[in-house]
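Input: structures, listed below.
Next, two complexes with chain A in common: one pairs it with chain B, the other with chain C.
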Partner chain A sequence: MDILVCVKRVPTVGGKIAVTPDGQEVDTRMSGFTISPHEECAVEEAVQITERLGGTVSVLTLGPEAAIDQLRDALALGAGRAVLLETDGREFGPAATAAAIAAEVRSHGYDLVLLGNEASDTGDYQVGIRLAHALGWPVATGIKNLTTSADGAVARREYRGTEESYELPLPAVITVKEGINLPRYPSLPGRLRAKRAPVERSAPAWQPEGLRKQALRVPAVAGHQAVILGRGVDAVPELLRVLGELGVL
Partner chain B sequence: MTSPGDAPARASAVVIGAGIVGNSLVHHLALLGWRDLVLVDKGPMPNPGGSTGHASNFIFPIEYSKMMFELTRDSTEQYRELGVFTQSGGIEVARTQARMHELRRRCSQAKAWGIPAELLSPGEVGKLVPYLDESVIGGGAHFPTVGVVDSLRAGTLMREQAQRSGTLAVLAGTEVHGISVAAGRVRAVATSAGEIETDNAVICCGVWSPRIARMAGARLALTPVVHQMISVGPITLFADTPGEISYPIVRDVDTNMYERQHGGDMEVGSYAHRPIIVPPDEIPSIEQSAASPTELPFTADDFDPQLAQALELMPDLLGDERAGIRYAINGLISMTPDGHPVLGELPEVRGLWSAAASWIKEGPGCGRAVAELMSGRVPTVDVHEADAARFYPHQRTVAHVRARACEGFNKMYGIVHPAEQWESERPVRVSPVQERERELGAVFFETAGWERPHWYASNSAVCDRYAGRLMERPAEWDSRWWSPIINAEHLAMRDACALVDLSAFAVLEISGPAALQAVQTLSVAQLNVAAGRVVYTSWLDDDGGFRADLTVMRLGEDRFRVVTGGATGMSDAAWVSGHLPPGAFLADLTSAWTTIGLWGPRARDVLASVTADDVSHDGFGFGTCREIEVGGVVVLASRISYVGELGWELHVPIEQGLRVWDTVWAAGRPQGLIPAGIGVYGTTGRLEKGYRAFGFELTQEYTLPEAGMTRPKVKEQPFIGKEAYLRQRAEPPCAVLCTLTVDSHASADGTLRYMLGGEPVLSPGGERLTDAKGRPSYVTSVGSAPSLGKHLLMAYLPAGHAVEGSTLAVEYLGDRYPVTVAVAGSRPLFDPSNERVRS
Partner chain C sequence: MSELSTEEQAIVATVAGFVDRDVRPVARDLEHADSYPGELIDQMKRLGVFGLAIPEPYGAAAVSTPCFVQVTEQLARGWMSLAGAMGGHTVVATLIGEFGTERQKQRYLPRMATGEVRAAMALTEPGGGSDLQAMTTTARRDGGDYVVNGTKTWITNARRSQLVALLCKTDPAARPRHAGISIVLAEPGDGLRVSRDLPKLGYKGVESCELSFDDYRAPAESLLGGTEGRGFAQMMKGLEIGRIQVAARALGVARAALDDALRYAQQREAFGKPIWKHQSVGAYLADMATSYTAARQLVLHAARRYDSGRRCDLEAGMAKLFASETAMQVALNAMRIHGGYGYSTEFDVERYFRDAPLMIVGEGTNEIQRNIITSQLVARGGVGS
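Let's turn to the complex of A and B:
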């Protein structure tokens, strides 16, 4: 089975997000970049499927040249091929992103495309659906349990306390959520393989879309307050009361 | 988290930073009787987010620097007492022949300090570390007392001990906003919990230290630098091992890496990547940090080359596909221009203390030392090399600190020759005669930023004259940063005379109505002498250890000029200014005066030919100074010598130095004058005369009687260390400074080897020598004595072994060499009656 996993280079953030002085970017000087937890799970899911059924995992990103770091991270986890759809630094909207990925899928041919449910920076929730639409493939989103065979996939998700189950013929597009699996860490040999692996590159054209970024603003968050329940054994009754209130006892 | 108003209004000291150093410091201050202490940190306890929180926490006891060894030893003992030390053993492995040589050197150094150490074959390393590929290495050095500590727990225990004694308030989650200074003294520390009035602010802020120092208007020579580390696991082999560590820590020093078991994981750390400097102001806040402020995102590209080398050494264990890189950081650590911590009061502001640039392995020791200094005590460990006042202004600039930190970073596990020179940030301080020196092919070494000729290539012609007497060193290591030209210059000086550029001297002037009282208080020697006298004296600390060793010229009723070594100039100036009585004033005249030395049997003839003033022995006696005219320049000539020859220090206004040099040069050349470098002045000339040097023989740990420098009488006036000195004189010294000669230089393979300093002195049977106070005998100074045809060593020997003519041994690079005690005491081997100096 040939699987494509799509990932996006996004800023790593701590508890407090800093924005560059021009308000256009998250300040990443001291925080760096990563991919979202959903996408980490998508990579892991693809690797597990091919470990079981055979086949290949390709990883794709649309972003600047520096996004090769994220491709190599995925290669270190077991992906075998990397594709960079290189941008000139301008942010692609979800429609243009889906179109660019669709072109790659058409030219290469895959049985399954996995994405994270949504990007952790822009949070558009659109690329998977638009991609499937462009390809004319079935799509399931928000998936937290996936069973795959050569014939098709069964994708499950929870929605308001009930479980929904979808049977999909292949090829298909599936967007997954964190929790579908426990992603592995890269091994040393994996990291070394990743370093040596070639990256296929192309440069899709940027297209204007309806949404345009004006500026970033960090919303005010409600302050947290720590309450000291007591010290030593004297704190135990109060601790029990609070735990009971939380329903964890 | 505190709120405004939570801070106490007053404190005896505000300690800023609750890492291993700050916690240790409040603990020791409490033990020393301090009350009303405050410990502030912007982060939460017990891990406020500094470098302590991400440290790999292992301790190798071996250090070439005695101070760093002692600080590490003291710290390890403190960790042991706190019950947070686990001994694991550690092995440094060698992949190259050069490294095997280095490991032999390290084992010999370990022997000098009394650290257990042994060389291992690859097979023996493999027995201790079964997952290591023996074929990659040529051997290893095993240090069985290596161990790991829980530094966060240690800090917590020490902090809580101070809290329990009721002396300490802890303000976690409290940001320091400013340090206010009035009349050059710390007055208060402003925090987010309120302002705290205090006389003492202590900077224990690791990588943030320069930022905090700047709040008080001080510059602290430290920069944060990235050290990369990854943690790989789960390691199958470690699954069933008890506790945190069961296998020795491996330092793969040729690749600048270490591998250290941490529970079920293997931590792999590197000092091999490009130096990555992070300015203190760019360290993210706690809230902005994904991990902690000092655990920055891992830059994999920098570490990737290391992975292959780690895999090479531990292929099965680290090559296991099931073991993942579970944690990877660019951890911030502190580095200084010379690699030593910054301890003590900062020179700019009274009451502003630094306990910074200390790593886990020396943290508790640094805490103790600074607590002792703050209490007006002589620190348990001699930390003068870490003196916060030691840096010259240029050494505290951002450019200098960064350049030296970058240069030092990749030397962390490097093979660093004891005389190795820095390459970056040079030249900074140049003598007025540098152009002449360049023309003469001077090979420049750096001291305190000064470029000093160590020898002159143009003197290679002089070598021919002394062929056969140059004591050439066949081994490359022994002759690195050395030249036989030094010995030729020495012999030519002894035969005729030499000109020596001594611009690097620090020149301090103490003046004012209380100037005499000031110098008397500082000096062991009598300074109430006639104007025009030059006095050689030691300065002692309260316990009678050496604080400085220098000369003082009395220039007038109220004016004294102190001439001291460039390396200690800033520390000495700080010592003076800390002891000035009202009515005495200190001026640093280093940049106003250059010093040109003229010594040798022809020195008088040369000087007489360029001055009309009387320079005869009767007219210009030894130990006097006077202004004379030399070629149209007024020169302060001082008739003393550190090389054992007739001659003068010529103190010249710096802009006229070139003229005086040229005048003397032209007159001297027909008389056989040659230029001589510091190789002669600092080593060969000095050793032949048995002259002691501060920092080598003269340290806090030894006394005037032990150094053989007792004078017949003790002056009546009080001076610092007098009571201790009187006690020391009354008892027989338990160690005696001796001069030794090497009886055979032949190594095990027959090569003639010449030791370079620091080596252990052993009994003929190879046993370590320690005196009744537990102090080991090691080589304090070493060098050629070309006039004697001997390689001379100085060492303190236990009184029972300080017997002239007795045979001992010195271990160098793993081989043992027979040596003889030539002098027990200070008698010079060359010209023992000092006729030349007084001729």
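Let's turn to the complex of A and C:
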């Protein structure tokens, strides 16, 4: 089984998000870049599938040259081949991204393409669906449980409290969510191999799309309020009352 | 500041993540149950920790010695026993890599790199560990075999090793005595028995055992390097990396004790303020951090010297001596800072205090390290530049 996993270089966000002065980017001077947990799980899922069924795992990113760091992280987790669709730094919209990935899928040939359910920065929720449409393949999104065999896949997800189950023939596109598995630690030899692995490159042309980014703004969050109920044991009756009100007692 | 390449930094960070996520939460319970940490060892195998000293083509992840030191430190920061589980193994891998015949390398190194084969080193005897040349275990040539007789003690990982690098005499009458010493690569077989698991103060979870050889036969080709009489010199080289590894374990114990004490001193209040604000507690913290940092520099210095290919028994000896004494002092001060809780088995500090002395005694006692340092000072005409 030959599997392609698509990952995206996104800013690491932990605490407070800041925006660059021109309002165009998330300020990453203090944070750095990563891939989203969904995509880390997609890489792990692909590695597990090929450990069971044999085959190859390729990892692809569309992004600037620096996104090679994220490809190497995925190589360290067990992917065997890396493809960079290099951009000049301009953000590709979901349609252009899907078109560029579709071209790579057509030229190389895969049995399965895994993506994260959504990119953790732009959150368009579109690339997987558009990619499947461009290829004429079936697609399932938001998958948290996947069973794969040589003939097809059974993909499950939760939707409003009920479990949905899809049977898909291969080739197919599946977008997965964090929780589908527990990603392994990159092995130490994997880390060293990843450094030396060649990265195949091509440069798809940027295309304008309907939507354009004007500027980013950090929404004002409602300030949290802390109430001091009392000090030491004196606070206990009041604490019990609050816990009772919350229904946790 | 880090002198490591970005990949090596990522390797250390990966191990640090493993220690924080999977080791620290369970170390105390495993220690007190004195149970073998099979699952953690398996994870270390999958990570590739057992192959860090095994170069290509036999292994896949040989790293620089400064990186090896930092990985070992991280493991010991979580639980010293885990760092012990790969210590002797690394010495044996280094011995085979440096001195083994091609056949010996092919036979052991690829499987040692994955941890499928784990190795122990057997030097110490009931009659003495410091004066190795006085050892009494013998390997007598008989046709195509060596026949081994004798007893070794304190052999760590002995029960779970598939390979024992055995220091023994192939010519007990030789003068000088070291000219009669060889290393035999012994695999489990008839006549080799783990006769006893030794009870000990700390370093729980991994076994340290007495091994008896009773007409144990090893094929002649299991002599390390194939030439008799080289074993003592070979082992002295192996002990250079062994002592650096033990020094790195001491760093890990010191670091854990320092981190715990620093956190506790900010949480615990006495006389209306956090205890770190009491001058004598603050001064402990300052001294602990200072000597830990000095020890770390000294260990990394020895590691760089090792990688330069030059003789580094002086540097490894200094690193082992200073880092282990530092770990003991830092663990003691962490206990003082924790007050009564430092003495409680519900905290980790008492474990650091029980683990630290091993690094003072093991891999050559600190008295022996001083002997080595002194004789090298005289031989080299000073500490050098």
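Operating definition for what follows: the second predicted complex is superposed on the first by the 224 of 249 C-alpha atoms of A that agree within 3 Å, B and C clash if a C-alpha of one lies under 4 Å from a C-alpha of the other, contacts with A are read in each partner's own complex, and residues count from 1 in each chain.
FYI, a contact is a pair of C-beta atoms (placed from the backbone, for glycine too) under 8 Å apart; a residue touches a chain by one contact, two chains touch by 3 or more.
Just so you know, these numbers come straight off a predicted model, no measurement behind them.
Taken together in the superposed arrangement on chain A, chain B and chain C clash. In the superposition on chain A, contact of A:Ala226 is made with chain B only, not with chain C. Looking at the shared chain after the overlay, A:Glu158 reaches neither chain B nor chain C. Of the two partner chains, neither chain B nor chain C is touched by A:Glu178. In the superposition on chain A, A:Val13 makes contact with chain B only, while chain C stays out of contact range. In the superposition on chain A, contact of A:Ser187 is made with both chain B and chain C. Of the two partner chains placed around the shared chain by superposition, chain B is the only one that A:Ser31 touches, whereas chain C remains out of contact. Between chain B and chain C, it is B that contacts the larger number of residues in chain A.
After overlaying the two complexes on the shared chain, residue contacts for A:Lys195 are found with chain B and with chain C alike. Chain B runs into chain C after superposition on chain A, and of the options 77-85, 149-157 or 167-175 the stretch responsible is 77-85. Common to the chain B and chain C contact sets on chain A are residues 184-192, 195.
Listing the residues of chain C that touch chain A in their complex gives 7, 10-11, 14-15, 17-18, 43, 46-49, 51-52, 59-61, 63, 71. Contact residues of chain B toward chain A in the complex are 1, 232, 278, 282-291, 296-301, 304, 307-308, 310-311, 318-326. Every residue of chain A that touches chain C in the complex is listed here, in rising order: 76, 184-195.
Note for the complex: chain A touches chain B at residues 12-18, 29-33, 69, 72-73, 184-192, 195, 226.
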